[in-house]
């Protein structure tokens, strides 16, 4: 159960990237899963080459994620931001196909693994694996950093301004293109980072991202767009729910249940459970 | 009526080609190639009704095909039905299922609807994989006897081919008829501005339900025919997510919203796909190339090949639609 | 003159905001009723309630003797209500003719495609867009789009037309033309309920005016009465002689 809570924090982190991009530029980023998978492989490569502690390598991985995000923004998103939401859906989906295609060509679909274990903690009858704890702490830390960034720094406020009202922000002298590119970059960096953390917990393939993408959607819709701490909370809730349900139901039903949750939440709460109701 | 439209005759001409080409030399290999193209045209034409006409992107379209295959095959092996009645029944049953799904998800707009359709695909896949009556993950098989009513396996292959061509013609003509009808105009209004459409008097709830259900019918019939021809079905080959996505690529490539565009995109892409999958070097890049094509179309040519044609030869609007 | 539209005690809240509070008024057959008030007064919300986009929390809407409270917009059209939007909603990829044909097909008389097209052509000529029938709707100027919006609504053969700031964004010449069009519409027997900020126009056009402020009805009466009302002057007009000044100009 506590494992569910810890993994949930990582779910929350994974969702934050999706939620941020969705909230800021009304783009549903369908590369999300592929980017998570790239984060997994990125961490794997760095650990293989440097044999350093993965939690230290998290920083360069996230930095690369940021650059990757900005690149993808220019490739596929910039041109479709103003157009119908469906266009960005299709363009990001196209990029997703390409990344998965290249990834499969390079790494095939066999599982990969990172051999690194932190010592766990044992409290009474429960053992908490060190990796899980470290992952959860990293997730919470990053979430808080993001919240601080968005609400206490200039660039962060610029991002929120553009999210609120793009035209008005431009009239204030904010270059919305730069802001959107950076926001997208951060969104991808978060996805990559969460993938990197997951790689320390479970074996993975290039297709593993898809599962986390689904969870990210559920979390985002439950928490509302662009709310990092809300995403963290909803992620933990999802993790707990999974933990509670898994002993009773075959694993293959879980994606279905999560999808069901997603659709129901969309129908009942178009603006997220935690959204305040306004006109 | 639609007989006056040039596109009607272009469709029949296309069908004539499909019938004639393999018949010329009794070429079974060509027939197998062409049947895949025909199925692609069926799927994409019906997908066009949702995406091109109504503006609702269906990511899970293949579910109708697979489900049709299951219903059809079950009626044939489990209940001893004849192919034709089984195929028709499959169409009706799956359309009714679509109506049911639609009740849940058609109230969602735009991208949310698109994502929910994936949910439908996942849900049906999961359900069928656990459904005893339909063989769970193993699926169902046809014994050779099932082909006897059609004159044996060899003959059955040809019969199914012609039936598929028939469904292909129906799909294209259905698209054409709708496009030229009041119903079609209502769909276009929904696509352009759904809120305005309601205010203009269109019962958007009913219209969307009808078109979603209709877009399921012929693919389901085709599914029943094809899986009968192939002799077996299991959840993996019935509900291939990739095929759904490729359907979207084909439609965008050819020109969404047009009858010929759907056929053109399906035909071209299907050939490309066959080439890629059999080429030793390129088979891994099938996904990359499909993605690249989709990206290029979305960014630079959202009207696809036909849209491009319309731009450079405005008169073609009257002939090609 | 009987009452075509009766609005009784209509209220609508959005969260903590009382968009419309206990508003009541009547609209007579064949009249042009103006609706004015400061921004945020609830005018468009009121329109949305009348035509069914929103359900009111309280109150009733009666149209031609029938209760249409909460009736869906597409049903309201069948009863004879049509509206235009403040921010125009052209069906962009469709031609001007097709746009108006939609209005005719799904309006009060559910016409077939062929008959609807003919009606559409007539309406387009009536509003002066006949020459642009085959243009793509997105290629029209703003004035053209506004006229298209009106044509589309007229094609539905309504008995009551709701115009939401149909003059906004138009230059003086275009305004004069649109005023002429509204008069023509009324002369053809269609009652008009119009939201407007262009005071000169609304004073000239309206038979009567309803004033809203903060969701409440402030006044109702002839243009002169309303313009002379001290509450209205304070809340919205500013100038107590404005009526004279506006009426003076021809």
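Letters A, B and C name the chains as they come in the text, with residue numbers starting at 1 for each one.
Rule of thumb we're sticking to: contacts are C-beta pairs under 8 Å (C-beta built on N, C-alpha and C of every residue); 3 or more make two chains touch, one makes a residue touch a chain.
It should be emphasised that the depicted structure is a prediction, and the values quoted were computed from it without experimental measurement.
**Student:** Computing the C-alpha centre of each chain, which chain sits at the greatest distance from subunit A?
**Tutor:** Result for the farthest chain: C.
**Student:** By raw count of C-beta pairs in contact, what's the busiest chain pair here?
**Tutor:** Max contact pairs: A-B.
**Student:** Of all the chains shown, whose C-alpha centre falls nearest the centre of every protein C-alpha atom combined?
**Tutor:** Most central by this criterion: B.
**Student:** Centroid of subunit A to centroid of subunit B, CA atoms only: how many Å?
**Tutor:** 34
**Student:** Cα centroid separation between subunit B and subunit C, in whole Å?
**Tutor:** 44
**Student:** Between subunit A and subunit C, tell me the centre distance in angstrom, where each centre is the average of that chain's C-alpha atoms.
**Tutor:** The separation of the two C-alpha centroids amounts to 47 Å.
**Student:** So which bits of subunit B are touching at least two other chains?
**Tutor:** In subunit B, no residue touches two or more other chains.
**Student:** Under the stated contact criterion, what part of subunit B meets subunit C in this complex?
**Tutor:** 180-182, 185-186, 188-189, 191-193, 195-204
**Student:** In their shared complex, at which residues does subunit A touch subunit B?
**Tutor:** My answer: residues 28, 75-76, 79-80, 84-87, 89-91, 93-98, 100-102, 104-105, 217, 252-253, 255-256, 259-260, 262-263, 266-267.
**Student:** Of all residues in subunit B, which touch subunit A in the complex?
**Tutor:** Per the touch definition, subunit B meets subunit A at residues 55, 57, 104-105, 107-108, 110-112, 114-116, 118-119, 122-123, 126, 129, 245, 248, 252, 284-295, 298-299, 302.
**Student:** Provide the residue numbers of subunit C that touch subunit B in the complex, in ascending order.
**Tutor:** 51, 53, 72-74, 77-78, 83, 85, 89-94, 98, 101-103, 105-107, 112-113, 116, 152, 156
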